[in-house]
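See below for the structure under consideration.
In this document, chain identifiers A, B, C and D correspond to the written order of the chains, with residue numbering beginning at 1 in each.
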Amino acid sequence: MIIKILAFGIAKEIFGGSSIDFALENEVTTVDLKAALEERYPSLAELSSYLLAVNNEYAAPDLTIGAKDEVAIIPPVSGG
Amino acid sequence: MIIKILAFGIAKEIFGGSSIDFALENEVTTVDLKAALEERYPSLAELSSYLLAVNNEYAAPDLTIGAKDEVAIIPPVSGG
Amino acid sequence: MIDILLTSQTLNITGCADAVMSPQSGGIDLFIGTVRDATKGKTVLRLEFEAYEPMAKSEMNKIALQAMEKWPLHKVLIHHRIGVLEVGEVPVIIAVSAAHRAAAFDACRFIIDTLKLTVPIWKKEIFEDGEVWVAAHP
Amino acid sequence: MIDILLTSQTLNITGCADAVMSPQSGGIDLFIGTVRDATKGKTVLRLEFEAYEPMAKSEMNKIALQAMEKWPLHKVLIHHRIGVLEVGEVPVIIAVSAAHRAAAFDACRFIIDTLKLTVPIWKKEIFEDGEVWVAAHP
């Protein structure tokens, strides 16, 4: 299963681009996906914090994420 | 002694003009002047409240007012 | 910087914001009063504002100084209109700039609250069937 | 009425105030963010704002709805700029109208405070000797 993950701000620099195609064996929860991403991109764990958004909503830790979902890395926001 | 007293808002209607010349035998305090004015213009006592200003400052009750002072009736303000 | 104005001309919203902006400011709070079309259920046709001008300017200046003593502000502006205002027009603009927004919000609110208590300006509401000086009688 | 905008064009202060005015409103509170020339003592040359656009608009709309549930408001406007902004330019305008000013002040402050916590917009500060995504690292 390939999940496309959008990146913004500092995450774009960590990924080296505005999105990545991330390969997974099965559907995952938010928590599992964060762990898998941090293994591949250790710099994510150095951020103050970051969240995942799924289909334009902040994702609960136990949400199941599939290949059709729009996933985005949300590093600490700083608008306003 | 003649004191010129400026009037604004509802006080202008009570005085029938934007100022009056008010005759007094002696210098007076703010409290005394209010009492004398209310005797001559009983409608003043029907206002929610009113203050006197002397030389562009709200006047303390015991301030002495003389002929050279600029006195004004300040009915309840309602700016903004 | 304190900017006080009492005028019979239309107030300029962007002009007021621009006047308090500074490169050190991170936030501006602007309060804009507007003339409502009704009060206590009665239709208001227009308002008339009258001021004891020298004292009103002096009291507006005092409030601005008090705000600058209470909060770390960059600039404070208080513009008030006098004369006849139609529904939807703007009788007052308060603008406050500060490095941090909490001070701007607190100061702006303090200024409009205090202005309504102390500045010698009077408002007459004109209805279809009469007129009344606001707050004059109990 | 809720008015949400994410744009690379200059924000229009008077336009935002006009958009929330209504004949029923007695007061408008407007918060205007501005780009400061320095942060933690370092000179800022310019800022770059980036947004996750569909989600940012959705979160801005949620905040406006929350504010309208919490306070009796007439209209709520949230306009945010993206792209490159110079010192003194305006990244954000919040405008709130209500019959009574206390609700407008409280709601405006709630909206800017919440926007800074939840809306997916990111700010990069550009200095003479480098650049940094604000708040990214501890």
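As a working rule, a contact is a pair of C-beta atoms (placed from the backbone, for glycine too) under 8 Å apart; a residue touches a chain by one contact, two chains touch by 3 or more.
All values derive from a computational prediction rather than experimental measurement.
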Seminar exercise, completed: Note, CA centroid farthest from subunit D's centroid sits on chain B
Exercise. Taking each chain's centre as the mean of its CA atoms, how far is subunit B from subunit C in angstrom?
Worked result: 26
For this session: Calculate how many whole Å lie between the centre of subunit A and the centre of subunit B, each centre taken as the average of the chain's C-alpha atoms.
Result: 72
Problem set entry | Whole-Å separation of chain centres (CA-atom averages), subunit A against subunit C | 48
Exercise. In subunit A, what residues contact two or more other chains?
Worked result: none
Exercise. Residues of subunit D touching 2+ other chains?
Worked result: 33, 112
Seminar exercise, completed: Each pair of chains that touches is included here, namely A-D, B-C, C-D
Problem set entry | subunit C residues touching subunit B - in the complex, by the definition given at the top | 33, 49-52, 54-56, 58, 80, 91-92, 112, 115-124, 133-138
For this session: Provide the residue numbers of subunit A that touch subunit D in the complex, in ascending order.
Result: 6, 8-10, 13, 46-48, 53, 56-58, 72, 74-80
Seminar exercise, completed: Within the complex, subunit D is touched by subunit C residues 12-14, 17, 21, 23-34, 36-38, 87-88, 97, 99, 101, 104-105, 108-109, 112
